[in-house]
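Each remark here refers to the structure printed beneath this line.
So that you can tell them apart, the chains are marked A, B, C, D, E and F in the order they are listed, and the count of residues begins at 1 in each.
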Amino acid sequence: MADVNDVNNVVEALKFMVLGMGVVFLFLFVLVKVVELQAKLIAKYFPENAPQTPAVPAVNVTEDENRRVAAIIAAVTEFRNKKS
Amino acid sequence: MADVNDVNNVVEALKFMVLGMGVVFLFLFVLVKVVELQAKLIAKYFPENAPQTPAVPAVNVTEDENRRVAAIIAAVTEFRNKKS
Amino acid sequence: MADVNDVNNVVEALKFMVLGMGVVFLFLFVLVKVVELQAKLIAKYFPENAPQTPAVPAVNVTEDENRRVAAIIAAVTEFRNKKS
Amino acid sequence: MRLKQIFIALLFALVALSSSAYAEGHEATTHQEESAEKKAYQPKSISELASSFWETTGIKAIIDTDDGEMSADPAGESKEHVMSAFESSLGRIIMILIVFTLFYLAIAKGFEPLLLIPIAFGGLLANIPLAHMAGPEGMLGVIYNMGIANEFFPLLIFMGVGAMTDFGPLLANPKTALLGGAAQFGIFGSLVGAAALGFDLQDASAISIIGGADGPTSIFIANRLAPDMLGAIAVAAYSYMALVPVIQPPIMRALTTKEERQIKMGVQRPVHRLEKLIFPIIVLMLSIMVLPESTPLIGAFAFGNFAKESGVVDRLSDTMQNSLINTVTIFLGLGVGSKLAADKFLVLESLGIMVIGLLAFSAGTAMGVLMAKLMNKFSKEPINPLIGAAGVSAVPMSARVVSKVGSEEKPGNILLMHAMGPNVAGVIGSAVAAGVLLSIFK
Amino acid sequence: MRLKQIFIALLFALVALSSSAYAEGHEATTHQEESAEKKAYQPKSISELASSFWETTGIKAIIDTDDGEMSADPAGESKEHVMSAFESSLGRIIMILIVFTLFYLAIAKGFEPLLLIPIAFGGLLANIPLAHMAGPEGMLGVIYNMGIANEFFPLLIFMGVGAMTDFGPLLANPKTALLGGAAQFGIFGSLVGAAALGFDLQDASAISIIGGADGPTSIFIANRLAPDMLGAIAVAAYSYMALVPVIQPPIMRALTTKEERQIKMGVQRPVHRLEKLIFPIIVLMLSIMVLPESTPLIGAFAFGNFAKESGVVDRLSDTMQNSLINTVTIFLGLGVGSKLAADKFLVLESLGIMVIGLLAFSAGTAMGVLMAKLMNKFSKEPINPLIGAAGVSAVPMSARVVSKVGSEEKPGNILLMHAMGPNVAGVIGSAVAAGVLLSIFK
Amino acid sequence: MRLKQIFIALLFALVALSSSAYAEGHEATTHQEESAEKKAYQPKSISELASSFWETTGIKAIIDTDDGEMSADPAGESKEHVMSAFESSLGRIIMILIVFTLFYLAIAKGFEPLLLIPIAFGGLLANIPLAHMAGPEGMLGVIYNMGIANEFFPLLIFMGVGAMTDFGPLLANPKTALLGGAAQFGIFGSLVGAAALGFDLQDASAISIIGGADGPTSIFIANRLAPDMLGAIAVAAYSYMALVPVIQPPIMRALTTKEERQIKMGVQRPVHRLEKLIFPIIVLMLSIMVLPESTPLIGAFAFGNFAKESGVVDRLSDTMQNSLINTVTIFLGLGVGSKLAADKFLVLESLGIMVIGLLAFSAGTAMGVLMAKLMNKFSKEPINPLIGAAGVSAVPMSARVVSKVGSEEKPGNILLMHAMGPNVAGVIGSAVAAGVLLSIFK
């Protein structure tokens, strides 16, 4: 596990750190700028009456689920009828 | 992309068309006849009091779903109790 | 399918039976004893006020299911409103 | 709409532009490669075309038994052979009739449809002439190599079954586990029978595992000890599991008195959550110590059960119990069904396997009942001997049969929970027996 | 908390203890092996490091067209080549624009999003420089080899579609199946067209299957007859299926009179459960007798349908219709999309494929409508010629289009169920046509 | 019942008839082949049998350390070696104790059970003697080769995580993304540490990625840079992610004043649907331009997120979020766990990895908090420095920890949404960092 050139490796690792942190920050910095630009463009060209992010995706109920819901309603009703 | 014998290929393709459309129609024609025969046989030997195709497969509720339904009923009830 | 040494094979199979049934019983016997011991230890060190096996795993309702339940409640309500 | 059309026109323009630029340098070589791959097509007249089409029909393949058609095998050419006249015509028709019988049993009689339908349909597809669906490139062959040849699918099934199993009844009354041991006599008794019938010891062992009344275990063992008989063994195992409500009751009645069948059993003690949580680990540790050979089976089973009982990974245990086990069931069935090809199934061995399988189920049932009678004699609490029959496993079918017979004898006598103990112990018992057989031929 | 810390401390202690004991004997050898595997790392200055990082950026890869970058192919090196300047720069940008167009159509216009989105995203990933995601080690390549190269995924899709299909409308009025036959003229007409355009016969056949308006069938056939064109063919097939609401109505209106479009059709007779149960078996048996070549497709489809109609394996049929088909749709889309890499897609053939695909859809629609007109003349019960357009398959889109056009002409005239008959017959029809094409090139 | 019996009798008759006809020609050859495959079985006495059974028990394998047992590796024999005495006995027991500790943490403490339970169970199975479950034929080995050796499973997980991630909070306050950058100091700081400890640069890089606090990224990188340490790295990554509620709070408190911890942050602006839709595409395009090496990760993540935000493929995004990710989680866990075999895990490196991993988490947390303090100084709107800790990723655990600490300091101060921004940015940040590391060793 111990290379002959320990010190070297640590120096290299420090260089990696400079490069790595640099690229990460650069990447995120550009991303932030692009996202801010995007937000401005969208706010300008797509009026705010467009549907904003709904709290709960209520539309998520697909066809299958409708069928399942129908079945469940039936089951619930039956279950209650049996009980009472 | 251009073969030397273009004309030939078109003629061959026309032959394929004759064979292909012939087989497709023959297949579907036989299928139609067999299906008509089947319908007659079934109508004859299996009286119509047998359950016909139901609009919604209400039977679809499996065991797991029953459990889930139980859980949902519980959740719904709880949800309503909390609300009121 | 017929080996020359039929009789041998049957004798061998009988030996397998002795070994096999022996191991199976031994295994299950040890298992029974360990399980009985376990039950005693648990009864002793973990007081009975701990939750016992519930009849229905009511806790099973995960996050996703909560969302689904919400959707279902909505659907059920809508369905009833439409009906009435 | 107009926008879209402009878009598409633009695309085409771009493509045209670019392609021509590109095409120059590259096309010549591409074409040479292609033509090397394709067979040259020879122009034919319409009647030649029709007659060459006739050559590829299934009717011709079945009528002309002497056309040198090859059998198909997931392992590829090394396992394939020219089909005999019988295999390529009458054999196929017989197999298709057998498949229809399985459909009938599954749908009209409700016998294990979840497995019989995929298996039978796989058998139907495997017997289609010329399509080679069971070959390494065909759908069934792909499935077979994906999860049966390496025993992956049976283990996933076992994992799912583990996640569905509740060991509560066994933990409430651990002694009943011994009944699940006695019923393994079905395995070893039929092993002797198979040896007597002339099967060699390894084949006999593979066949006898049918007596374990457990599908994944049977496939696992057959795959290791006698892969050529996998189809017949799996079909026998599942068929007899499906026939449990037919096979077991007469044996149960023959070996017990009316009084015994009417014995009532007490209420089971409540089981602590920790007992259930630790149980799969105990079983696994024991099997590690005694029978590492059978730990793939017991390990997968214990993992599923542990995941369920941990109570903190419901997402995963739900998946094991539903979408995963369902998907694997479809594939396992189709893959096993591929072994119902006439050239694989219609051999004398299959008949022997069916006979021994029936013997094995009967022997296991009988020994389970007799053991329960014995335990009832020496036990303080009464034990209804019927529950011994559930020791063969076939979860949860045989426990239900026990309960049904019991309540017929004495209305209101619900034995279901008491039968579930030996029932799940039977699963463990057969996995142990499987490990013993594997260790012998290692 | 304290308990845990002790636990962890203990672990470390154990590990330390044991490792040192172990390390002595073993380490030396391990290290030698490792170093053989790794490339030696040469120390670099920061600026060297930055410039060697620059070498690995995508910007550099796109700007520098002469860097000898290799294309990627799931089949591995034998199918790869040094990318041309065009392929590695402008070509990628064009493809990414095409991908964005597909996103736009899928999301804003709602055209077949379930397939266009995964395909287009696969295309986006495949055009990323240097990442080689379409290569044998990349995600797309892994997917491709897992289920597209062996046609497994299209068959699973077909199984799921089978489990979702209701043949009731077809069984109620079997004659309408012939409309699903007429529409296959789309396939054979465009085959002639493709041959005229200069494609060789095998390629022309692969392309013409787009006229079958059925995604899995197109992929299945393309894979067998012209794997190099798979991407373009699949994309064309799904794009035109998505464009059915745009392509079909003008043709339908041009070929029918207003009176014809207003024809009302009677109420469909109820269909017996047994008819539905037996139907998939009939189709399969017929295809076995006539066209074993197309039985992988028809077999998978029939299995799904049979499982559903059996009514006893709802667990399995639900899985086929939901989690299984969804998973496979994701993978199929990504895998097909990998063929949208610039070096594969931007060739002159693709343009021809797009043109012929459009021709094929139009021809199929037209012939379906004309056949329906003819049938209407000779039939006792009135037949609205619009339903002929549904014969191209593209289930259930084209049936919906028929219904929409019909109710525009005469409010309250619901043709949906009547159009579903030819619609599902179209699926069978194209599978049969596919079998004929395969049998020719066998 | 009678019908069935006749059926079965008929079947047997047919089988018998046909088989005998067939058997004549074929049997001889089959048998020769078979016997070649099987080892000859030598008859044994009962005591010999018992003693040879004893040889196959796990107890014997653990007691007898000198039995030449081979280790198991998914890559097959080339990577296997004769196990040392320590590996085959005490080592196993230590590993099983470690596994039980992981069970305890997962179940009793609720630490990341979804991953710890499958990983730990995989570790348990991998340490079973003689069963070779981690070998190429064993269940764990099959899983490993199916999706870990080719990085397919981590990418599928990332896809599912993408489909579950809401970038709304990040889009509402994009600046907070920089906190997700600062926390990547955890990676590069520990890289220096690992180099100082004596790991070579490539191994050090693979280990340091633990600081990314992201499971799939860790597995992806470990697989590329140091496959031999995959098990230890993955276990460390998930263990420390599980320990986030223990590791982070003291560091957060040490580096902030009470006033800072009580800072309230404003309400987030609503985010337009289009912003969310376009965001994954922006991230992907940026990463294509800068870091094609990391696009497998970012691409899969962006695909999942795009599918969800498109709103038109809910079927697919539901599948990614549920059945698909659950199935893959089970397999990934078992596969990773297979690297917990004593012979792979109990090496000195593992201890180093655990130490460096802890260091990495701490360094990342600290730097995130410090960066947030800095931003708070220069920002118009107040920024609570606690949210910097969420930059390490470990979604959504670390955001929850931030919120908990925040509301302990000042009841009613809900930081959750504000912490989610840096949290998801941390995922992107570590994928970028991963790309840099890969590009260095390319």
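The rule we apply is simple: contacts are C-beta pairs under 8 Å (C-beta built on N, C-alpha and C of every residue); 3 or more make two chains touch, one makes a residue touch a chain.
Only a predicted model underlies this, so the values are computations on that prediction, with no experimental measurement involved.
Looking at the partners of subunit D and subunit E together, the chains they share are B, F. The most distant chain from subunit D, with centres taken as the mean of CA atoms, is A. Averaging Cα atoms per chain gives one point for each, and the point farthest from that of subunit B is the centre of F. Note on chain placement: the centre of subunit A and the centre of subunit D lie 41 Å apart, centres being C-alpha means.
The geometric centre of subunit A is 38 Å away from that of subunit B, both derived from CA atoms. Counting partners per residue, subunit F has 27, 41, 49, 53, 200-201, 290-291, 311, 315, 318, 322-323, 348, 436, 440 as the residues that reach two or more other chains. Shown for subunit B are the residues in touch with two or more other chains, namely 1, 12, 16, 19, 23, 57, 60, 72, 76. Put simply, subunit E touches subunit F in their complex at residues 1, 4, 7-8, 11-12, 14-16, 18-23, 25-27, 30, 34, 38-39, 41, 49, 52-53, 56-59, 61, 103, 106-107, 110, 113-114, 117-118, 121, 124-125, 128-131, 133, 137-139, 142-143, 322-323, 326-327, 329-330, 334.
Put simply, subunit A touches subunit F in their complex at residues 1-3, 6, 9-10, 12-14, 16-17, 19-21, 23-32, 34-36, 38-39, 42-43, 46, 48, 50-53, 59-60, 62. Within the complex formed with subunit C, the residues of subunit D that make contact are 168, 171, 174-175, 177-178, 180-181, 184-185, 187-189, 191-192, 194-196, 198-201, 204-205, 270-276, 278-279, 282-283, 286-287, 290-291, 311, 314-315, 318, 348-349, 352, 425, 428-429, 432-433, 436-437, 440. Those residues of subunit E lying in contact with subunit D across their complex are 84, 86-87, 90-91, 94, 97-98, 101, 104-105, 109, 150-152, 155, 200-202, 228, 246, 277, 284, 288-293, 295-296, 299-300, 303, 306-307, 310-313, 315-316, 318-320, 322-324, 346-348, 350-351, 354, 436, 439-442.
Of all residues in subunit B, only 1, 8, 11-12, 15-16, 18-19, 23, 64 touch subunit D in the complex they form.
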